[in-house]
């Protein structure tokens, strides 16, 4: 494979370095620091870089690429985001980091199939499109900033799925995308980090911090409990399956995220967590059997049922809560519901359409996608051979 | 083993789901959120879910169950605790999480021997009994809330030991409860997390936050140093033993916990840390030789010398400090000492008696305990076979 | 090897215990707590104990020693530091922990070659000398405390290199200091922790907290991006090398640390991050080929190019920034530049000279250094054999 190696060597470093040059030049025109740049620093970064870096580590031969590329994409993405929104002269590091969640989730769908050049391009494209989609929500539908930000999981999951539909499927006989106990345990390490920091994540842009933290905590708690119950019910021998636990324990946090600021009773968050966990596990059961094969979708980390469907559930729940709350004021209710449904449809359709376009662009000959036989292999990108150890 | 598989499949999910249904219904009657629910969110949760999840991971074939069941029990336990104390209309998430320490410590004593149904029942029973024991201390002995909470290690360790006495011993010839360098290293990961967050944990319910943090830090520091020294002195070849380090580095934090708010000089905390570490290592030496065999105790993670005996030392130290402080006021001293000794005796006797009862209940035929030959095996509960890899 | 075992057993525990006795006696004379001991507790400790503990874990058979000795040295060092500075009656735990960075970095250079007795002596010596060096900067050059503290990386790296020059080189044919994917992955875990907490670390003693956090973040982000680009350019097949990523992603944080409080535009921090990453990777390329062999240096964890050279770059950048800022006021500029250059030369020459002396002391017959054939082996110190598993 000398040609693709050379191609890789020729394109990656120059792409990265020229991107950095662009960033530095653009940052040159940024005003100096002022006192408005306050944020609570380590929480979100710990979650994005450490939590997601290990959460996605489920492929046995793809550990280096998972953590390494995750760090690369996040730091590139944060800089691009800050560059993209320079026009409004706001330099909000935390918003940039939260936006990166969309990219990290999309990465999960094409993990092991896209090469670094494709991933970097996807990062830049997705951030621009997500920012556009939020701008459209904010301008035309008058959705507030913190609510449109909570569409980040929805956008990330469906954008990633659309991109992944354009990649060739891996050969079904290969065992390279198998999991091992070791990779599952390291993935559990990341999952527990995400679980613990999810309430901080949901509350970070909200002004009703404590309510959001409590609601998210209860949603997450119930979805973790339900995950264990449903996993036993859906597997053949009545055992737990680690993949179920990984995806379903987080589903509650995703679903509650949309409406967390407006839920007034803990039991509502708990019911949402229960439903989200059920959707995640039953969804994974159905989508492997009847949804993915005809669509030729291969969703490496199961982002569809971990982030996509729970986010749809969360958006639905928010509409229902609005209807119940404004029941005695029909015109206002109609208006509010319309806005919510509009924002949801806008986000999901922008994600699917631009995701497909991005997927087609990424599979142009120019970016020489890697051969299917080299999918899920660290050895293709990293110097250290994983020959004998099969991690 | 088709019968026990079926039994497991039949009971676990329905037990979990019906517990969740009960929680949701009870939470329905809770008042909506108000502004009093303030806490410092991620610290304690990071410690409980991530730290303890990996700290207990010392069995080579039990990694999935250790982290997975730890998460399940904590989220179930927090919800039961909140349900149990609904009567007083206080919804304090942080108190619930701190109480869970008792359960997690008890889990360590029966790790690999109890099945999930037994663990869930133990969680619910222990939380109710611990709450009862604290209520008795608070009401009859007028002990303050934050002090009775610091009995959490004492209660957890002796409750766990009493429960564990009712389980059959593992066959001495099996090597399944052996450690491997990998499991020890992951356990070290959890230990370091616990070590770093222990000062936050001790100070979380205290009103003299900084004094408690400093005292705990000095206690932990000296016990870590002493652990290395004593480990070399007690092993055959004069080498370090990882198990000693794991248990003894935390002993200082446990011992200082009881009196941290009233220690006025760092050197007292340091002496306590030194003694706690000594007790933990010498205790592990003696208890394996002469204490456990006649009592037929098998204490998987060594909770007796990591948490039990250092907590007894801490309670004793608190009494001695009280005597010294009130030396010139004998009647007041007598009263205060009586209260402390009374609270200590109450906690330990409630823990041992209810622990034995709980152990007998858990070993009823109804809950079909697992055969001794299947102890310490992930494979019994989880779908993924740990066949070739021996993690 | 019975003699060295006996020697080890005889010296380590008594050395540790007598050190502890000295600390406790000295702490006895410390004033009781007062309200001035405020710090932001867990961040720095999480970084030092957890982050560095796993960051240094790159040797395949030295995992126990890396994490274990790291904890031992940090807690011993914090106590010695507090004892050393008792004369000024300031009991600042956080300053003690930050000072320990120097020791931890020096440890990286002699990792696997020094035994615990040597490491403990090095810790005590280095802390005293570093405190002396800072005191000289503060007194004679009137450098502020928070600036002289940022020389911690510079001091640690060159002290460690000088000490390491006095140890025998490992045999070039041995493969014990090889890396495995597993040790690299655990090292990545520590690296990500350090990356996330580096901005907190740089800002912890500064009074312009947010500016320092932002500058460090941008420096780190650009150095992470550059690390990937340069790694592809410098390796033979055009692949990434994990060692490059580990060292270069942190280089930006080290370089920005010196001047972070005075950098007014993000692009300056970004350029510094780019240069630091380049220096780290090109430096590792050159030093392995032409610098280390003639000097007979063996730098186990590459602290020279990860911490040493980026710190030199940072000091240089600070001087250049001073020149630009005070261009129109030549006398003041000359004075300020002289102070900065003086402080830099003072730190680096004290580090090199005392490092050499410390290295010679450590290699006295009294401390019986371990034979070269036993370098990089956990088995020499720890009871658990790493025989079959090769972690």
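In this document, chain identifiers A, B and C correspond to the written order of the chains, with residue numbering beginning at 1 in each.
Heads up, the rule we're going with is that contacts are C-beta pairs under 8 Å (C-beta built on N, C-alpha and C of every residue); 3 or more make two chains touch, one makes a residue touch a chain.
Treat the numbers as computed from the prediction; the structure is a model and nothing was measured.
S.K.: On C-alpha atoms only, rotate chain A onto chain C and read off the angle in steps of 5 degrees.
M.R.: Rotation angle between the two copies comes out at 120 degrees.
S.K.: Over half shared numbers or under half: where do the identical copies chain A and chain B land at their interface, same or different?
M.R.: Under half shared, hence different.
S.K.: How far is the middle of chain A from the middle of chain B, if each middle is the mean of its Cα atoms, in Å?
M.R.: 36
S.K.: I need the residues of chain A touching at least two other chains; which ones are they?
M.R.: Where chain A meets two or more other chains at a single residue, that happens at 182.
S.K.: Looking at the complex, which residues from chain A come into contact with chain B?
M.R.: 43, 179-182, 184-185, 188-189, 192-193, 195-197, 199-200, 210-211, 213-214, 217-218, 220-222, 224-226, 228-230, 232-233, 235, 237-242, 245, 249, 264-267, 270-271, 274
S.K.: Which part of chain A faces chain C closely enough to touch in the complex?
M.R.: Going through chain A, the ones touching chain C are 5-6, 8-10, 12-14, 16-17, 19-20, 23-25, 27-28, 30, 32-33, 35, 37-38, 41-42, 45-46, 49-50, 53-54, 63-64, 67-68, 71-72, 75-76, 78-79, 91, 93, 116, 182, 186, 378, 381-384, 386, 389, 391.
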